[in-house]
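Letters are used for the chains, namely A, B, C, D and E, taken in the order the chains are written, and counting of residues starts over at 1 for each.
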Amino acid sequence: MTETWTNRILLVVALLLAALYLFPLYWMYVTSLKTGSEIFATPPGLVPSNPQWGVFAYVWELRGMGRFLWNSVVIASGTMVLTALLGTGCAYVLARYRNIWIDVALFLVLMLQVLPASLMITPIFVGFSQIGLLAHPQWAVILAITAKSMPFFVVLVRASFMAVPAELEEAALVDGNSRVGAFWSIVLPLARNGILVSAILIFMQAFGEFVYSKSMIPAVELQPASVGLNAFMGPNTTEWNNIMAYATIYVTPILAVFVVLQRRIVSGLTSGALK
Amino acid sequence: QDEVTITIWSLDDANQPALNLAREFDELEPGIKVEYREIQFDDVVSEAMRAFATGQAPDIIAVDNPEHALFAARGAFLDITDMVANSEVIDPANYFPGPLNSVTWDGKLFGVPKATNTIALYYNKDLYAKAGITEPPQTWDELVEVSRKLTDPANNVYGLAFSAKASEEGTFQFLPWAQMGGGGYDNINAPGAVKALGIWKTIMDEKLASPDTLTRGQWDSTGTFNSGNAAQVISGPWELNRMLEEAKFDWGVALLPTETEGGTRSSAMGDFNWAIFASTQHPEEAFKALEYFASQDDRLFPEFGQLPARSDIELPETGEPLKDAALKVFLEQLQYAQARGPHPEWPKISKAIQDAIQQALTGQAEPQAALDTAAATISGILGN
Amino acid sequence: MSAEPQIELVGIDKHYGSFHALKNINLTIPKGQFVALVGPSGCGKSTLLRSLAGLETITGGTMKIGGDVMNGVPPRKRDVAMVFQSYALYPHMTVEQNLTYSLRLKRVSKDEMKRATEEVAKTIGLSHLLHRYPRELSGGQRQRVAMGRAIIRNPKAFLFDEPLSNLDAALRVHMRKEIRALHDRLGATSVYVTHDQIEAMTMADHVVVMRDGVIEQQGSPLELYDTPATRFVAGFIGSPAMNFVDGTTSADGTSVTLDLPASRTIQLGRQVEPGRRVTVGLRPEHLSITEDENSPLIVDVAVVESTGSLTYITAAGDAGLTIVLTGRSDLRAGDRIALAIEPGRVHLFDADSGRAI
Amino acid sequence: MSAEPQIELVGIDKHYGSFHALKNINLTIPKGQFVALVGPSGCGKSTLLRSLAGLETITGGTMKIGGDVMNGVPPRKRDVAMVFQSYALYPHMTVEQNLTYSLRLKRVSKDEMKRATEEVAKTIGLSHLLHRYPRELSGGQRQRVAMGRAIIRNPKAFLFDEPLSNLDAALRVHMRKEIRALHDRLGATSVYVTHDQIEAMTMADHVVVMRDGVIEQQGSPLELYDTPATRFVAGFIGSPAMNFVDGTTSADGTSVTLDLPASRTIQLGRQVEPGRRVTVGLRPEHLSITEDENSPLIVDVAVVESTGSLTYITAAGDAGLTIVLTGRSDLRAGDRIALAIEPGRVHLFDADSGRAI
Amino acid sequence: MSRLLSSLRDGKGFDIVLVAVPLLFLIALSGLPLIYNVVMSFQEVDMFSLGTFARPWVGFKNYIAVFSAPETWPIMRNTAVFVVCSIAGQFAIGFGLALFFTQNFPGASYIRGLFLASWVMPGLVVGAIWNWILAGDFGVLNYALKSLGIISENIFWRSDTAWSLWGVVIANIWNGISFNMILLAVGLAGIPRDLYEAAALDGATAWQRFWTITLPMMRSTIGAVISLGLIFTLQQFDLFAAITSGGPANSSNVAQYWAWEQSFRQYDFAKGSTISVVMIAVVMIASIIYVRSTRHEVRG
């Protein structure tokens, strides 16, 4: 009885917090439904007086969003997979040992992501153009984003690996598994929370990435939605409702998917493992 | 036979001229294939530089006029003086002096103006009537006076809107004032320029314009005019279509007020120029494209709403009385429009001016001191 | 059982940082032998087991299993099964999956796996919990899973690290039998760490006593019980522990005068160096209550405890002698009793070095 | 010691999902009593302890500590100290910090903390390891830290969950004494889960035997040993476990005919219902080898095991009778022996219900 | 060959490969650009030489120019304020939310997911929306604050030199809540329950458990989150571009935006690089602190 009441109160508080936090998202939604002059009205209208539902279909058609989104998905998936492939193992080793070399590697990993993309793009562009990678612009972008986001991934996933008891891996080794196998079947599943969440974050980041794609993908057919949005958002735009509609279409599905995915962060993954 | 490919970079999208003209040219010339890339306003120069440095520059590019010299002075653009001389389509004499000046460096032509624009004063006739004002202001003082009358905080109405943003837009808006006051980018602390900045400061201090003027561009400032939250706005002809659509009041356009009654007029000169990169493999074909674009200049206004940079083209009536009236004023204002620069270090010069504006308007320095600093910086850049 | 050595340790050393956990361990275990490893908490038993499994890199010495040098060989290739002291159950797998993990690695057929699982689950008494996760088990059930995971395999050697410590007596007796039977059936070699005297004595062919990283003595269970090489081993093997009383050998070397208040003398039944400082060791179960007035040991009862079948009597005084009697006793705290011991059952150790005399 | 109840459990129920872990537990523990909680692995001992500590929400019943109803009261306010079966050491704290955690929370003065730490560290024998982290300790050392963490406090009640299972015999004897002494000194109430028969019998004032979530019997240690209420308790208390043989009471009700191959009869020394199916319980330590040809039990020796002080003999056959002898024995597998038992020591249980007769 | 293979499966080789491949990848794709920037800061750069390393060396001239510019120190101070306040805000709110959502009330996990929104929204859109929210005359924030009676006059978040930096800080805190919250939630999930149980029995209140168990056990996660927060904050760019453009009068300008302005507005790449190298130095110090802090982490 009391428990259900605390639960209800907590739920209400959670909803209030979410409402407060989600205001910018809400604003994106309502703006997309507003008419041009309503957007700049004073005082601002919290609910569109005459919601323009047709805007979504209109923007989808007009901007050819299907292709843009597909490109975004391709780039984001590629980045996520590559980052996870390269980063997971690295994070694991950095968590498993504790010596000066690990310190150095960790330091390098952190340092290597300090420059903002806008300052990295020139040298990367120059480098890629020299080795001819620009001929495969989506690949080039995937590589560039991966390099940018991997340190993030490594540092986070490392923290997850830290929580996996070393003894479990040892048990797997004694049970006849190789290091590779033990890593795969024991350590990885137990660190999956951190890996999953970090991969989600990487995916979302790559999904919105913009600086590299804009510079390295000249062909519209290959550009991701972020570049499509940018093209739409010139300094002199009247189409804020369309832009926000675009952004809505861009953001909402992915947010919905990950709201569901991140639920798998469950506590107590390793409980019961050790005495 | 070998088809030649030429690449064109421009910021125009499907509703704007460059993309359409490029397509047409592609169709028209069987031997030439045109690849068109749309680039955002903010990225034109950096993309171009990067591409040029790695040998991947396009053949033709559209750049904003104050940045033309940046490339021209470094020999990145092709000198087309001779080609123009032999051309039957392009004649420098047909262009307004401002735009023409911006494609010229060291006496040579490095491009062709793509279009042009300038700024003037839009005013809300309804609000004028309400405040009992009949005529738009002719001088700076009158402008302040009128703005005071129009400002009505209770109804969220400011007397004036403009942009003093710390970007090229700020320079674009301020430079005409400085020029009307007898100054210029190379003489930015002329007494008239100081006075102009003083006027701006008065406007800001008295909240005759929104404090956000400091961080808002012209487009957003005009938005507040359109929604009735500002009684006047200083902006350009690119606003006409939006205003027709959004403004639910009667409005008009006047020339920029001058320092004194009948004083020197000046205005800003905006919009892009066409240029051919010096690295092009196909200078002839590229120039042919420019010729085609120039030959279609008369379509710029009726089809795309842009003003051609040419004095020899008669603009047709649009049938929108408000628009036609406004256009007249803009065309007159264009007579006084001056190019920024041209100077290869223009961004730095402009930055010095922006800094001065912002310093003065935020009260960190007096207008005189702020402009003196800017003048010192600029003269350092100009190498005097 | 052949006598070829299955496990050979020569001069094994292990340091944890500056801490010297194993010091020059030499041990040869013939194939098929069941070795119990005992010693006080923290003496290095688990470390030795973990080194055998290849989980710790030893810092010195040579380790052979089945004749092959194992230094640096990964655990996987050593073909040993181990029960971890901390269980180390896979928390994301059910009991069944935990049990069959090694079989799945070996790609054992479904049928055989099923058969093996059922059998092992029955042995460890968890057939009804196969689908639980470790976090849903009690402590003893977890330990049984850890046990089951090892015995489902057919390895060269079994390493058990206190595998029954959390089980109740009945289950422990049962498991003891099962383990020994499995060991015999497979002809495997087993190293078994335990704190349970009965386990060590009844299951093992050979007992190794460790102390502070050193092997103190090894031998058959009864050898250690009957002829402990040092005072330490004597005190460690046997429960309750042997009583120790200091004393001095008599001038003729056939008796010892104990350092007890009213100086008493006990006969040794043999001849030793006279006038030497010694420690006398008397096992509680070898002391009996006598009516003999001349008994060398007369003590006051301090505590009487009974387990039902046995009675422990603790005497008052610094030495605090313990006596074990079968059955019950009517003695109460404060009673005075005389104790007798057969001369042949008196152990003597050098007072300084602790070596047996 | 007063007899006012310190802990009172009335009709406690606990479900884990659909699993019924504690079933209607009723238990009253007077202040100052030392209660041993025993039972097979998985019977609910830890669950009961954790419920007492407030770590599990019970699904039914009333729980009182010190007279106050504790249902829903958070653990912190119950003022109990607990040794976890899983230790639950704070991995980010040194041994010393682990020990002093509760004192620091109470803002005990530096000096007193130091004194207490030193004393406890000495008791648990870890004075030299105070600056180590748990991960750098052996299993037994960890368990001792867990123990130390509980005994450094001065709570209303101690809850011990198999606190000595990973310690060697000598240390265990030592700790046993220390715990009991501490208990007596503080006048605290203790509930002590153990699998060690000797611990349960010698330390506790009162023993509670659980089975499958139910209290099967409770009483003083010797009560349980001497008069087990059920066959289960009889088999559980005492090690090695009681031997059970089915049989039928004779027509006069003074003897039982066992279901053994050559049907034998043993005298009961009392009169019971005639012709009834019963289970006869014979404690291994009550069986003795006799020369008497007419002995009711004649068996073949299957296994002889010696712990040094005792010898376990297991007989061949389905019943597999176990006999414990003091000292050594010359018997070997295959020998035929006759067994004797005093009539007063024969236990009888109903064959169906298992209740004692 | 087989030894190599077996080392790859079972030994150090496995570890080395796992680390070496990504590190080499990183060094090639991030290290070289970094070096490129460092080198540029010692050179004279113009558009023609962007594609090469061979440029005239000028020693510390660029550094002298940067450090003698009058705006340098105000911008550095702004950067420090921006970074410290943003991280403190993000972390505190993120941690608070993460803790809140460990309470397992129904719906908790879904609602928690909604807090990923600020991570998934494109920077451009976020910038535009905050631009409106913070607008002086018709912004929603002013509207809300006025309705609640907290302020009587509009605050010109974007254009008042006293507020402009704080406007961006608010927006950036909002932006960072998502990743702080979700990562701290993962960290919290990894703490064994029985530690809390033991602490509760030892008499620790919820507050004490937080300080003595949660925080120390979260050490590696917190270290990671804060150091990444630092890096992200130092890369925050969209919000400045969208809301204040560093203005007015540099009152909200920070190093990263300034570096970008120098490189891509003034086309002074050398100066832009120089500023970024100064930033790198700051991050380097932070990294060293982080790496050192990992020495005290607890391995499960």
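Keep this in mind: a residue touches a chain if its C-beta (ideal position, glycine included) is under 8 Å from a C-beta of that chain, and two chains touch if they have at least 3 such contacts.
Model, not experiment: these values are computed from the prediction.
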Other chains in touch with both chain A and chain D: C, E
Between the pairs A-B and B-E, the one where more C-beta pairs touch: B-E
Between chain D and chain B, distance of the C-alpha-averaged centres to the nearest whole Å: 93
Centre-of-Cα separation between chain C and chain A, whole angstrom: 56
Computed distance of Cα centres, chain E from chain A, in Å: 15
Of all residues in chain E, the ones touching two or more other chains: 9-11, 50-51, 137-138, 192, 194, 263-264, 298-300
Contacts with two or more other chains, residues of chain C listed in rising order: 74, 76, 85-86, 136-137, 139, 143
Of all residues in chain A, the ones touching two or more other chains: 40-42, 122, 126, 129, 165, 178-179, 230, 268-271, 274-275
Residue ranges of chain C in contact with chain A within the complex: 50, 53-55, 74-76, 79-82, 84-92, 101-102, 105-106, 133-137, 139, 142-143, 149, 153
Sites on chain A touched by chain E in the complex: 6-8, 10-11, 13-15, 17-18, 21-25, 27-28, 31, 39-44, 86-87, 89-90, 92-98, 103, 105-120, 122-124, 126-127, 129, 143-144, 146-148, 150-152, 154-156, 158-160, 162-166, 178-180, 183, 193-194, 197-198, 200-201, 204-205, 207-208, 210, 226, 229-230, 233, 240, 243-244, 247, 250-251, 254-255, 258-263, 265-271
Touching residues (chain side chain A, partner chain D) in the complex: 2, 274-275
Residues of chain D that touch chain A when the two form their complex: 72, 85-87, 139
Sites on chain C touched by chain D in the complex: 16, 38-42, 45-47, 85-86, 136-141, 143-144, 161-162, 165-173, 195-198, 201-202, 221-222, 225-226, 235-241, 283, 285, 305-310, 312, 324, 326-327
